[in-house]
C-alpha cells in the first residue's frame, strides 16, 4: 500500500480521534487539544489531497490562530472543574441514541449507495480524467491566481467582514450589562 | 444577460454603503480628537454622541438610498453578472435592495430614540447595522455559493454583536450568544450542503449548480446532491426561522433591542428568502427530486405556520409574540414554494410578501420603540394596556400593523397572503391551504388581542407621558411604514411589477 | 503528470473521506449538543466547519478546480471572525455570571 | 264592478281607530286629555254606525239584482303569477256577514259608551274596537286569501288587545296572549292551506279557488282534503273548535262588550264564514267536510257539557258560544252552508244580547261574575232580565225565536244530508238539550231566587243606563225576529219565502250542491218536534233544579267524578300546559339553551379555542431557552428532512 | 366619478375628516361635546340624500347593473374597482343609508365616552357596508366584507357592555373563519377563470360564465356558504350573535341586525347561488333544513331568554332563517320575499334594538324580570314597541307579513313542485316546520311584551321612568312609517327588484322546477278567465 494512502487513513482516523477527545474529554483544555490534533490531522489530509496552501493555512490560521485564541481564553477564564464539565447535557439520553442511529444510518446509506455504483465519484467529476492531476494543482501560485482574479471580490469582501468583526468585538468588549431593576 | 467584470453603477448601493461605513468609522475614530481640539467636552457625553451618530447615520443611509435610487434606476433595465459570477445585479433586484435599504433607514430612524433610552454606544451600533445591511444587499445579489455564504455571515456577524449591544439588559448577552452559537451551527449545515453540491457539480455558481443537478436517475450523485440541497435548505431555514430551526428566534428577539429585532425580522428574512428562492424555486426543476423538496417545504412550512401561530397565542411579551408571528410568516412564505411549480409567480408572491412584511413589521416594532422610553419599557401586553389613551396615533398605527399582519384587507399583508394562496391553490394543495387559513385565524386572535389590550383594557398603572426625546425620527419611520403598508395594500400594482422583475432576476 | 493517488482518491478514498467528513461533522454536532459549556459548543462548531473544509478540499481535488479551496479559506476567516465575536461575548457573560455553563443562559424561554 | 262605496265602509272604522288611537297615546303621554271617553265613544260609534248605514245602502240598493259588487283600491302584491289585489267584494254571502258585523258592532259600540264609562283608557278602548271592526270587514270583504288573512290576523290582534285591555292584571294580559297564540296555531293551518292551494291553483282569489275545485280539480283527492283540513285548522283556531277552543273561555277576561262583539257575534264566526266561503273547495273534499262535521259535533257536545257546571256567568256563555259554533260547523260540515250562516247570524243576535246582558249584570254587581253569588236580579234590573230571557229562549231553540229555526235546520241537515250522519245528529240533539239546560240554569241562578251576594253589592244593584239597555233591547228584538227571514219552506208551507236562503243560497251553492236525502215530511216534522221537545226538556230540568234555589250551590272544589271533570273543563288546559307548553319551554331552556347552545355549539367553539390554547402552552414548553435543546431541534428537523431524502434511495 | 362612488366616498371622507378634528372630549370623562355626533349625522344624512338620488334615477325595468363604474385597480389580479347596483341590492343599499342617520341620532345619549372615535367608526362602517352592497368584483366584495369587521370590532369592544371583549373577539373570530374559507374559494375561482379565459379575473360577470364541474362547485359552495352562514347567522354557527348583540352598544346592535346580518343573505343571493348554481341546488335541501332549524331553534331559544336584547338577538336568527329558506327556494315570490324580508328585518329588529337601548338608557338593565307593567308608565314607548313587535311577529298589514308570506308561499310552491316531480315529501315537511315558526314567533314576542309591559307596575325603580323624548321619537318615526308602508303597499319595493329577480330566477332556477312551475300559470290563466266569467253581472 502506498504510504500516502496509509497516511490518508491514519490522518483520517487521527482526525476522528481528536474529535472524539473533544467530545469526551472532561477538561476543556484537553478537548481543545483534541480539536487541535484533529485540525493538524486534517491539514495532513489536505496536503495529501494536494491542497498545499490550504494545508499551510490550516496549520497557521486554524491550529495556530483560532485554537490558540480559544485555548488562551480557556486559560484566561480559569475554569474550575465544575459540574458542567464532567457530565453531559440531559439531552444526551434521548439525543445521543438518535444522533448515533442517524449517523450510522446515514453512513450505512452512503455506503450502500456508493457500493451500488462503484464509479460514482469519478462520474461525478467534471474533469476528463479525475485520476490524473497536474502536479502544480494546489500550488500556492495557482491558488493565489484564482483567489486574486476570479475571487477577488470575495477576497475584498471578506476583508470587510473582518473589519465588521473587529467593530463587533470592540463594541461588545466596551459593553457593561447592568441589571435592569425589573429584571 | 451580460457578463462583465466590473461596472460600478451596478454596485452603486453597496459602494455608497461602504463609503458611508468608512465615513462613519472615520468620524468615530477622529471624533474625540477633533472635539477635544476645539475644547468642547459636552460631546463626550453619550447622549450627545448618540444623537450625533444617529443623525449622521440616518442622513447617510438616506443618501445611500437616494444615491442608489437615482443611479440604480438606470440599472433596472438590464441584469448583468458581475465579478466572475460573484454577484448578479440590475433588473428588479433594484427594488429588493431599495426595500432592504428602506428597512435599514427605518431601523436607523427608530434607533435614534432607542439608543438614547437604552444607552447603547451609538456609533458602533450604526456601523454594525450598516455592515449587516451590506451583507443583506450582497446576499440577495450573490450569484455563487461562496458569496452567499460570505454575505450571510456578513449579515449575521454584526447582528450577533448588535443583539448583545443592549447595555441595560443582561439578557441581551444571552441572546447574543444564543444567536451566535446557533448561527454558527446552522452555518455548518449550510456549508456541508454547499460542499456536497459543489462535490456533485464541481461549481459554486448557483445557476451552474442548479443546472447541472440531475435527478433523473437516482444515483450516488443524486444522493449527495439531494443531501446537499437539504442541508442548504436547513441552513437557510434557520435564518428565516422555520420550525424546527426557529428556536432561537423568540429568545433573540426578546433579548435584542427592539430596532434590531425589527431589522432582523425583516431584512434577514427577506434576504434569506431571496436565496431560498434563487436555489429552490428556479426555472430549472429538480426533476424527480422536486416532489421531495416540495414535501419538505410543505411539511416544514406547515408546522412553522402551526407552531408559530399557536405559541404566539400564549405570549405575554409583545416582542416574543411578534417573534412567533414572524416565524409563522416565514411559514406562509415557505408554503408558496410547496407546490414546487418553478413559476415566476411563485417567486414574485414570496418577494412581494417579504417586502410587504418589511413595512408592516417595521411598523409594529416601530410603535414599540415609540412607546419605549427611559421610564417605560414597552414590551409586554400589560405595558400596552390602555395605551390608546395616551398615544392614540401610535395605537392606531399598531392597529394597522396588526391588521396587516393578520392579513385583513386592505393592508399589504392581505395582498401578500392572497398571492401565497393563489400559489397554493394553483398547486392543488387544498388541504394545506385550508390548514394554513385556519391558522391564520388563530393568528388573528393574538393580533387582535393586542388591539383589544390597547383600546379596550384599562391600564393597571398610570401611564407616564411619552417622552419627547428624539420623537421626530421615530415619527418619521412610523409615518413612512404606515404609508407603505396602506399604499401597498391599496395600490399594489407597482410593487407587483417590481417583484416580478426581481423574480426574473432570481431565476 | 500522473498522480499515484488518483485511483484511490476517486475510489474508496472518496467514500472514506466523505465518511470522515460526516463522522467529524456528527462529532461536532454531538459536542455542540451534549457538552455543557459555551466554549465546547464553540469548538463543536469549529469541528463541524473543519469537516466541511475537508469535504470541500476533497471535492476540489476531485474536480480539480480551486473553488472549494477558496471557499474553505473563506471559512477559515469567517470561523475566525465568529470565534472572535463569540469569545468576546462569552468572556463578557463569564464576567457577569462567573460561569460558562450553558444552562445558566436559559432566562429567555417560553 | 268598481264601487268605492265599499272603501268607505271599510275605512271609516280605521279612521276612527287611528283618530282615537293617536289621541289615546297622546293622552297617556301628556297625562292630560285631548278628548275623553265621550267624544271617543261618539267618534267610534259614528264611524261604525255610518259604516253600517252604508252597508245597508250597499247591500240593498247598490247590489240589488247584482250578484256582487266589488272595489279594488290597489294591487297589494304582484309577483309573477301571484297577484294579490286588495279587492273588497260584497256578494250575497259577505253581505250577510257585513250587515251582521256592522250592525252588531254599532249596537255594541253604543253599549260600550255606557259600559266603559269611567275607565281611564276608554279612548284606547274605542280605538281598538274600531280597529277590530276594520279588521273584521277586511276579513269578510277581502276577495283573496291574503287579504282575508290580513283581516283574519287583524281580528286576532284586536282580540288580543281587547282581552288584555286591562293589562295591569297579569291574568288578563296572559289571556290575551293565549288567545293570540292559539289563534296563531290556527293561522298556521290556514297559511299552509293557502300555500297548498296556491301551489296547485296558482291563484289566491277566493272565487278562483272555488272555481278550480269545482271545475277542474287537478289536485289529488288526498291533497284536496289536506288543503281543506288545513283551512279548517285555521277555522278551529278562530272559531274556537276542538282542539283550539281553549282560548275562548279565557278571553272572557276582556270587557264584556268585547266578549259580546268579538267572542260571540263576529270574530269567532269567521271560521264558519271561511268554510262557507270556500265551499267550492270543501265540497270537493268530502273527508275534510267530515272532519268539519265531526269536530263541530264533538265541540258542540263537549263544550256544552262543560258549560253545565260552570259558575262564571261569562264562562257559561263562552262555552255556550263554543258549543254554538260547533253547531255551525256541523251545518257547514253537512254541506248546509246557508244554514251555518243563518245560525251564525241568529247566534250573533242572541249571543251578543246574552253577553251584553251579562255585562249589564256584572256592571250592576260591581264586577262579580260568579252566579253563585247572584240571584233574584230580575226585580232590580227588569230590562236586562227580559232581554236576557228572550235571548235565552232563542238560544235554547224555542220556536219561533231565532235560535229555533237555525238550530232545527242544522239538525235536520245533519240528519239528512249526504255529508251528514245520524250519530252526529244525535250528538247535536244532546248538545241542544244541554244548551237549553245550562242556559236556563244561568237564568234561574242569576235572576230568580234570592240575592246571594254581599249586602254592599245588593245595595248597589241597579238597572244599567240607557246606553246599555237600548242595545240589549235591539238585540233581544233581533233574537226574536231575526229567525223569521229564514223560515224553512216546510214550516211556512211555502207561504213565506225563505228570504235568507234565497239571498245567500246562490252565493254558497254556486260551486256545488249537497244533496239532501229524501225523507218524508213526517220525518222532518217529527224531528222538528223532537228538537222543540229537547228545548223544553232542558228548560224543565233546569227549572226544577234551580227555580227556587234553597240550598247553597255546592263548592266546586268538592266535586267528584264527572262533575269534577266537567267543572275542571276535562283538564284540557292543564293537559295542554303540561304536555305541550311546558315541554316546549323546558326543551328550550334545558336542552336548546343550556345544552345545545351553551354546551355543544358554544362549548365546541370556546372549547376548541381554549383547547388549542392548551396545546399552544404545551408547544411553548419546547422553548426551554437552552441552546443545546435548540440545536437538538435543528438536528431533529434535519433528520426528518434527511429521512425524506434517504427514503427516496 | 359616479354618484354611486360618491355614496361610498362621503362617509369615508367624513370619517377621515373627523379623524383630523381636534379631540374635544377627554378620554373618559363624560362631556357634552356632541359636535362629532352632529357631524356624523350630517355626513350620513348627506349620504342618504345622495342615495335617494340613486334611487330616484334607478330604472326598475333594467336587468343590468346600473350606475356602473369600472376602473382598473390591480391589473395583475384582474381586480377592478367595479361597482354597480341592481334590483337585488338597491333595497339593502337604501336600507343602509337610511338606517345610518337614525342610528347616529340614537347614539347621542348612549355614547358618553370617546365620542370622536365612535362616530368615525360608525361612518367607516357605513362606507364598508355600502361598498359590499355595490361591489361587482368579487375581490372588492371580499375587501369590503372583511373591512366591515373592523369598525364593528371596535364598536362592540370599546363601547359595549361588561363582556364586550369576549363578545367582540368571538364575533371577529367566528366571522373570519368563514370569510377565510371564502377567500380560498374566491382565489380558486380566479384561478379557474385564468385557466379558462387566460387571465385572472374577479369580475362577477366573468366568473358567472365559468363552467365548473359539480364536484368542485360543491366544495366552493361549501366555502362560500360557510362564510355567509356564519354571517347570517344560520344554525349552528349562530352563537356569536347573541353575545355580540347583547354587548354591543345600541347603534352597533341596530347596524348589526339591520345591515350586517343581511350581508350573509346577500352573499347567498348575489354569489352563492349564481356562481355555483348546480351545487346550490344540490345543497338547497340542506340549506333549507338548516334555515328551518334556525327558525324553530332560534324561536325556542328566544323563548328561553331572560334578557331583552338576547331575546331579540335570537329572534333575528329565527327571522333570518326565513330569508335563507326563501332564497334557496328559487322562485320569484320567495326570492323577492327574502330580499324584502331582509329589509323588514332591518327595520323591525333594528327598531327593537333601538327601543331596548332606550329602555337600557333609562334603567341600565335589560333583564325582563326587572320590568313589568311599563305600559302604564311609558304609554307611547309601549305603543311603538307594540307596533314593532307586531311587525316582528309578521302580523298582516305590517312589513313583516309581506316578507314572510312571500317567502313561505314561494318556498312552498317550490317544495310542492319538487313533490310533484320526485314525490319528495321532505321539503313539504320542512315547510310545515317553517310555517310553525309563526306560532313560536308570536309566542316569545308576546310573552316578552306581556312580561315587560303588562301586569302591575311593581318595581319601584320603574315608577319614575320618562317616556320617549322628541329625539327618540324622531328616531323611531321612520321605522313606524316603513313598517306600515311596506306592510300595506309593498309595491314600490317589490317593483324595484321585480325585473332583476325575475331575470335571476330565469337563470338559476333548475330546469325541471321551471317546467313544473310554468305549467301552473297557463293553467291559472284559464281559471282567471273563468272566474271573470263567473263574476259577470246577472
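Observations on the structure shown:
Letters A, B, C, D and E mark the chains as written, and numbering starts fresh at 1 in each.
Simple rule for what comes next: a contact is a pair of C-beta atoms (placed from the backbone, for glycine too) under 8 Å apart; a residue touches a chain by one contact, two chains touch by 3 or more.
Just so we're clear, the structure is a prediction, and the values are computed from it rather than from any experiment.
Within the contact network of the assembly, the step distance from subunit C to subunit E comes to 2. Touching subunit A and subunit B together: C, D. Closest to the middle of the protein, by Cα centroid, lies chain E.
Comparing mean CA positions across the assembly, the chain most remote from subunit E is A.
Two chain pairs, B-E and A-D, are weighed by contacting C-beta pairs, with B-E ahead.
Distance from subunit D peaks, on a Cα-centroid basis, for A. Centre-to-centre, using mean CA coordinates, subunit D is 36 Å away from subunit E. Here the spacing of subunit B and subunit C, counted between their Cα centres, is 27 Å. Centroids of subunit A and subunit C (each the mean of its C-alpha atoms) stand 4 Å apart.
Averaged Cα coordinates give subunit A a centre that lies 70 Å from the centre of subunit E.
Of all residues in subunit D, those touching 2 or more other chains are 609, 620, 623, 625-629, 631-632, 635-636, 642, 649, listed in ascending order. Counting partner chains per residue, subunit A shows two or more touched chains at residues 89, 91, 95, 99, 102, 106, 109-110, 113-114, 121, 124-127, 150-151, 154, 158, 161, 164-165, 168-169, 172, 175, 177. Residues of subunit E in contact with at least two other chains: 173. Under the touch rule stated earlier, the contacting chain pairs are A-B, A-C, A-D, B-C, B-D, B-E, C-D, D-E.
Of all the residues in subunit B, the ones that touch subunit C in their complex are 145-146, 149-150, 153, 157, 160-161, 164, 170-171, 173-178, 180-181, 183-185, 187-188, 191-192, 194-196, 198-199, 202-204, 224, 250-251, 254-255, 314-315, 320.
Residues of subunit A touching subunit B in their complex: 109-110, 113-114, 116-117, 120-121, 123-127, 149-154, 157-158, 160-161, 163-165, 167-172, 174-180, 182-183. Subunit B makes touch with subunit E in their complex at residues 389, 392, 403, 408-410, 414-415, 418, 421-422, 425-426, 430, 433-434, 437-438, 440-441, 444-445, 448-449, 451-452, 455-457, 491-493, 496-497.
On the side of subunit B, the complex with subunit A involves touching residues 18, 25, 82-84, 86-87, 121, 124-125, 127-128, 131, 134, 138, 146-147, 150-151, 153-154, 157-158, 160-161, 164-165, 167-173, 176, 199-203, 219-221, 223-224, 377.
Residue ranges of subunit D in contact with subunit A, taken from their complex: 626, 628-629, 632, 635-636, 639, 642, 646, 649.
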